[in-house]
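Look at the two complexes coming up: chain A is in both, with chain B in one and chain C in the other.
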Partner chain A sequence: MKTLRPQIMAWVIAAVLALLAAPYLLPPYQLRLVTEAVIFSLYAVSYNLLLGYAGLLSFGHAMFFGVGAFTTAVALNQIGGLSIMAAVGLATLATLLVGLVVGLLLLRVKGTPFALLTLAFNALFFAIGVKWHTVTGGDDGLNIALPKLNLGLAVLDPGNGPDIYYLTLIILGGALLFCWRFTRTAMGHSVLLLRENEERMRFLGYNTNITRLILFVFTGALAGLAGSFYTILNSFVSLDAVSIDMTTKVLLMTFLGGTGTFLGPVLGSFFYTYVQDFLSNLTDNWPLIMGVIFIVMVMFAPGGLSGLGQTLAARLARAKTTP
Partner chain B sequence: MNDLAVFFLHGLAYAGLLFLVSSGLTLVFGMMNVLNFAHASFYMLGAYFALAIAQYTGSFWLTLVVAPLLLLVLGAVVERFLLRKVHVLGHVHELLLTFGLAYIIQEGVKWIWGNNPQAVSIGGFLASSVNLGGIVYPVYRLFIFALSAVLGLGMALVIYKTRIGIIVRAAVNDSAMVNALGINVPYVFMGVFAVGAALSGLAGATAGPLLGVFPGMAGAILVDAFVVIVVGGMGSLGGAVLASFIIGQLQSFGVLLFPNFSLALIYMLMALVLVLKPEGLFGEKS
Partner chain C sequence: MGILRVTDLKKDFSGLKVLTGVEFEVGQREKVAIIGPNGAGKTTLFNIISGKFPPSSGEVAFKGENINALAPHARARRGMSRSFQITNLFQKLSVLDNVLAGVRSRRGLRHHLLREPLRDHELVGEAERILERVGLLGFRDTLVQELAYGQQRALELGVTLALKPDLILLDEPTAGMSRQETEEATNMIKRVTQDIACVIIEHDMNVVFSLADRIAVLHYGVILACDAPEAIRCDQRVKDAYLGEEGA
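Then we have the complex of A and B:
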């Protein structure tokens, strides 16, 4: 991955400043949308590390999101006096373990069979959620009472818009930075190699199975972290969090934003969140419109929005140099 | 003892449906390496088309002819105008396209017919029961199994005894070589895709009266069909027959033995196959 160009860096800094100032600028409803978009950004970026970076197409990312979301709710409900951050930690750990077990089984196959099996396992996790209603609440979902978070200097109330917004921004923003760093480590580079030429990678002495498993577990844990915050933001969790629809959502976000760049999925999740908000005010059939947008993008703009942007920028640059 | 026989017959009926859905899926995958996530949506569309036709004309038999024909056309259109366009972009895009298509069909069905399950009524002889040596059993389930068995045999005849069948088998094995020999493989592929869609649609039309017609029916059978082609081996028709039978029986006896964990049996079988023979029972090592 090449280093960021100065213009992009300036945009990123401007975006970060805007994000920090958001609670002072936006009405509560809008702030909530931004919080949700930040949560989905981590979810989508973790997914893109699989799809865009390693070329692993998974249709089961919601099982991690869901495990994170449900572990948070169950832990907060069942363990008295547990702090939110401990619940988030537990949720991430639980997702890590799930990723390890599922990964060991699924990564025995590659390519299309892998895509198929991830979907089957997502369906399994959904079925467990339905059947195990003593713990998951079944179709009713789980309400949770959120304890306040005492940070020593200040007490955060997760029910309060700006508080949960800053908490999400700092923790998930940190996780996003960590992902960005990860793509630039030796491990991150070897993931690209996995996509480009796995056979060659093996010749070079890499154990590709271990690389794949580590990436799978890592991205799963990140999705679990996102799911955990999703529960906290809503102070509620339902089977929706572990459904195939949640997998479809991350797929749409990632692909709409573009799989070719690190920030594409972030763009995609903001785009998706706002378009969904806009469309759902107009019609109940917004998923249909979203699906049509997706198909059109797959067929005519395989690089997503960021791909379109790059093409446009290249064309503008060419227009400038050739008067 | 009678109970066991009844559950065995239940399993056979479901195995028949599964085979109709998964045979097209596995052949299409074998030929073009495309896994069609929308295949089960064709099944669901078949059921809804049949529902509409039955409501409009009142004839159940007509639905068994017209619904598959509609799906045949739809399958051809999807292959020719959508799937073929993204073929150059690679497998990931093909999978994404069929996944997006499944999503659209799902939402479209909810939009047109709503979320509530609907029942299709079958009249006359099919709705009655017969006495099979002490077991009174509904004719309709036997009909489903017989229909799929006849179609399965017909498919086997076409695939193993005719020229078209030779071309299809050769294309499953090595489509580039068949293309080089002067056979229009994209055309053959479109045909197989369309026939697969029609079979899936027929399965849906026959499943409607048995299982009800609802927007979740595609997702329900998709996972089972996936397990069938993983267990049977991707691209293998014989594997699809055997795996459909096994999974039909597991479904049926699973409900009898462990009512709450019947699904787990199927996943355990899949996990076992993945660990012991990742390419499937009849699959070839890649």
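Then we have the complex of A and C:
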């Protein structure tokens, strides 16, 4: 994992300023796309902490996203007077608990069995969503009436594009910053050790089961937080949120952006969101084209967009220094 | 009382008896070398002592405590550290990160969600002092995979030392080294393990006789003899079984 260099930092600052100014520059539909991309950025970054940093391939990340999404909808529909932020808090707590229970069950499973069991758990949660019709709405999904959020100095209307955009940007942007900091902490370093050599870790005094459990719970809660905002953005939640498709989506975003850097999945989320939007306006067969893009990227640019950017930057730097 | 006591240790893998009643003791700050032909069970013995797998029967006691049921991480936290015959490091991380992994663990900063190790001068300082002792301070930021073989072996020792252990298990620390590298490595091991008890597996008899206070000869799963180097050199049973005329 690379650390951020000054030039990249400058790009990050420029991107943050552009994001802050987005509601004044973009039409409502485009602003909605950016909001969705920010939500998926947190979802993909949380996934990359598992895959890119710890080397744990999971096919069940959508169960956390879906639990966060459905808990938000159910809480807002069932608990009268509940504020949006309280619903977000409940959703995050619920995914944290799900992460703890599933994580404990998967504690001693590694490699392919781990990947397959996460897939099985995802399928289990999807089945619960289908069968528990009275709570989840089944195939019909759940509509929600979003209450306004009173912040004292201002009242935010989550149905209003700029309001939900800024709320998402602040909360999920904060979560992304927390993830960035996480990678630099002792726990973040231990996650890297896990990927590199779990056996040696154990002989150095690390209980690697604890490391894996903390990471699983942490990344699950982050995905749940992203799912919660996904529900708020759409004022609706369907089984799509907990489906295998949603896991595939995060895999694509992460690989397209690149697993080798922290910002790769953010890039991948924006790329996926915009390309999907563009392609789906052209043809109903857009998943086919997206699949081809994915195959091409994996074969010819395994480092993803971020890896491609790094390679290009290195070549430019070499070209500048070579007379 | 010794720091490590192995009593009637037996291990069989699906009926194949590898260890058939190993017994020996290591005193405080004592260096004990375990020698024996390939397949004698030396690495199996190390794996059982360090907790990689349990014995079929018998007891491993560390600082007076039976540690048979303890996982490797729990043994490491009690002050037992091991190196590996085949270099077993964090290849894609820097030399500093490798040693910091041990330093952090010893200080209980394994899963801390706030402390940033690379910004902690105390942690980095301690890791740098260890790197200086094993001659790798100049390679602090180099990725392990870019180090020469001899340097990786030195780092293996550095990572082992990062736990500030009371007992080190060194599994063929000079394996694959040239004569000069072996000599340098032996001197380094002597220097950095002065106050630490060691159990060393080694095939190079020059290294063994240079480092060990006592030598245990493992032969067909049992300790054939365990004595001072000179006594071992003259022991007829050891000559017949392992040393021959070469070590004599």
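Just so we're on the same page, the second predicted complex is superposed on the first by the 320 of 323 C-alpha atoms of A that agree within 3 Å, B and C clash if a C-alpha of one lies under 4 Å from a C-alpha of the other, contacts with A are read in each partner's own complex, and residues count from 1 in each chain.
As a convention for this text, a contact is a pair of C-beta atoms (placed from the backbone, for glycine too) under 8 Å apart; a residue touches a chain by one contact, two chains touch by 3 or more.
Here the structure is a predicted model, which is why all the values come from computation and not from measurement.
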> Between chain B (first) and chain C (second), which does A:L105 come into contact with in this model arrangement: first, second, both, or neither?
Replying inline: first
>> For A:M201 in the superposed arrangement: first (chain B), second (chain C), both or neither?
In response: second
>> For A:K131, using the defined touch cut-off, is the partner it touches chain B, chain C, both, or neither? Pick first, second, both or neither.
In response: first
> First (chain B), second (chain C), both or neither: which does A:F182 touch?
Replying inline: second
>> Applying the document's definition of touching, compare chain B and chain C: which contacts more of chain A?
In response: B
>> Just checking: does A:L57 make contact with chain B only, chain C only, both, or neither of them? Give me first, second, both or neither.
In response: first
>> Just checking: does A:I210 make contact with chain B only, chain C only, both, or neither of them? Give me first, second, both or neither.
In response: second
>> By the touch definition at the top of the document, which applies to A:L193: first (chain B), second (chain C), both, or neither?
In response: second
>> Can you tell me which positions in chain B touch chain A when the two form their complex?
In response: 29, 33-35, 37, 82, 85-86, 89, 91-93, 95-97, 99-101, 103-104, 107-108, 110-111, 219, 222-223, 226-227, 229-230, 234, 260-261, 263, 267, 270-271, 274-275, 278
> For chain A, which residues count as touching chain B in their complex?
Replying inline: 51, 55, 57, 59, 105-106, 108-109, 111-113, 115-117, 119-120, 123-124, 127, 131, 244, 248, 251, 255, 285, 287-288, 291-292, 294-295, 298-299, 302
> How about chain A: which of its residues touch chain C in the complex?
Replying inline: 182, 184-187, 189-190, 192-193, 196-197, 199-208, 210-211, 214
> Of all residues in chain C, which touch chain A in the complex?
Replying inline: 50, 71-73, 76-77, 81-82, 84, 88-93, 97, 100-102, 104-106, 109-119, 159, 162-163
